[in-house]
Amino acid sequence: MSAVVKKPFYLRPPWNILFELSKLEKLTPWNVNIAYLLRSFLSEMESTGKVDFRASGVALDSSALIYLMKSKLLLTLQEPPAPPKPPQDFVPPPLFLPLRQELTSTTIQNLLEVLDEVLKGEKMLRLDRVVAQPVLPAVSDILPQFEMFLAEIELQMEKLYEVLCEKVKGAGIIEFSTLVKGVARIEAVRTFILLLFLAQDGKVSLWQNEETEELYIAVGSLNLARDQKPAS
Amino acid sequence: MQETKNQPVDQKPAGPPSPDEKRQRALRLLEAALYVAGRPLDLNELGSVLNTRSKNKTQKLVKVLMQEYSVRNTALEILELKDERYVMQLKADYTPLVKKLVNRPLLSSGPLKTLSYIAYRQPVSQKRVIEVRGQHAYGHVKLLKDMGLIAAERSGRSMALRTTDYFADYFGLTHDIAAMKRELKRIFGDAMQEQ
Amino acid sequence: MQETKNQPVDQKPAGPPSPDEKRQRALRLLEAALYVAGRPLDLNELGSVLNTRSKNKTQKLVKVLMQEYSVRNTALEILELKDERYVMQLKADYTPLVKKLVNRPLLSSGPLKTLSYIAYRQPVSQKRVIEVRGQHAYGHVKLLKDMGLIAAERSGRSMALRTTDYFADYFGLTHDIAAMKRELKRIFGDAMQEQ
């Protein structure tokens, strides 16, 4: 047999890590980007056209193992620190109180003397309330401002929605980083908050890639936006 | 307390106690109860230390104890009050001679103020008491409850604080709340005018 | 003290009192004094109710009263403490049976242990007390302060806890802290050996 058996692609770096268990155990799990490895493993297999279920199975098994290693580390980290040992000191046994009838000196006069002071305090409390009332702004003073604020938010939401509809044409999805590319940080924050309002209203769908932390925005509910026409 | 450790305890014979010994033990328990309570006790409370529900039996025994005290030459007496309540107290003619030795207040000033407010405004919600007296009054309310001076009672949908019979007994006021409030207002009014 | 209003008074004979009547009167006054004080009284305090400065005379009389109480079948006892002080109290073996009737906050064993520790190590920082007795001891310290059994005093830059004179009186201990600690060590030593 002269034909040289070519090593399958997944035995080369970086995927080889998923197939050599002895190496896996020496690794720091935090250094392994499982999502990247699996994604590229799949696309590589797709591009070569050679689907190997055994290799996929091993890759899946190894990924699970790496996840387990990560979880174990997390759990170790989350363990509360051991409580400091209480200092050892001799605590004597409880002293038991003998029961003695003890007449006390408080009289009805004492009770009435302090009552005067307490009732003054009660009066002050009422005065405080009376004084406090006019200081509070009337409802009518606040509401117009609040309504204007809401109207402004709605206006901004509409504008952003139009921009989004324009930008997602074709692809259906746009990354948040693309949307706010080149704008000031404060403007990016405003856009993000408006997106939350739009998501709340069901006008956009948001989800985040946990590895890259990229935020994806789809106009409308996710499936409808891509594949179906919205029901009327 | 340490001195009591090696005190001779009531001597108990080896066999089961005789009826007379049991009776003596019951009398001493009633005496102990009246002494430590320092307030009038009813037949239920007295019976509870004897582990009996028989008011009749309790009453017979407490009357024997009263008799013991009245024939003995002593500064203390046990009295029967109305509503079948009993109290141990100092005989009145000794009071002025020894009252200079009584110098411990029932309550310190903070809890006393809270008590006076509850007595005057009762029934009053705990919320209101805290508003007027401040956050520290939570502790006062607990202390006053522990001491049996006030109790919480359901008032409509919420809980209201009121003074107890023990409070009334201590300050020599009537047990009827409405009458007590009138009494307090009258005494209080008099006190204000005097100033 | 209010219950003593309108009580019948000891009958007095018309003529001048005989020496025995005078003695009986003095014994009853001492009994009254010990009953109302509910704390140890020294010979000066006891003498003051007899209108005498003779410690010797007062001591002789109080010892007669002690003897009366010890031979009589009663739940109460009169004890002699350090420094010629005398106290009336309930015999210890009745305590568990009647303590539910006491309207003063009584301490449970947790706060009592904290109290023992403070007494034993005083002056001791609150921080140290919490370290040794645990977080719940914050509540104990507050309770003990409220009851007047301990106090905080400045000690250098921090605050230290120590027991009060009221504490010493309650347990029949001397007021001198160093001597009291020696006394406590002896008491605790005995208690430790008993365990």
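A, B and C are the chain letters, set down in written order, and residue numbers restart from 1 in every chain.
In the analysis below, a contact is a pair of C-beta atoms (placed from the backbone, for glycine too) under 8 Å apart; a residue touches a chain by one contact, two chains touch by 3 or more.
Just so it is clear, the structure is predicted and the values come from calculations on it, not from any experiment.
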Looking at CA centres, what chain is most distant from chain B? A
Given the contact rule stated at the top, which pair of chains has the most C-beta pairs in contact? B-C
Let me have the rounded angstrom distance from the C-alpha centre of chain A over to the C-alpha centre of chain C, please. 62
Centroid distance [mean C-alpha coordinates] between chain C and chain B, Å: 20
Where chain A touches two or more other chains at once, the residues are 95-99, 101-103, 107-108
Chain C: positions in contact with at least two other chains: 1-2, 35-39, 89-90, 92, 94, 98-99, 102, 104, 171-172, 187
Once bound in the complex, which stretches of chain C touch chain A? 1-2, 35-39, 87-90, 92, 94-95, 98-99, 102, 104, 106-107, 109, 112-113, 115-117, 119-121, 128, 131-134, 170-172, 184, 187-188, 191-192, 195
Residue ranges of chain B in contact with chain C within the complex: 1-5, 7, 9-10, 24, 28-29, 31-33, 35-41, 45, 48-49, 73-77, 79, 87, 89-95, 97-102, 104, 108, 139, 143, 146-149, 166, 169-172
For the chain A and chain C complex, residues of the former touching the latter: 86-87, 89-103, 107-108
Chain B-facing residues of chain A, complex: 95-99, 101-119, 121-122, 125
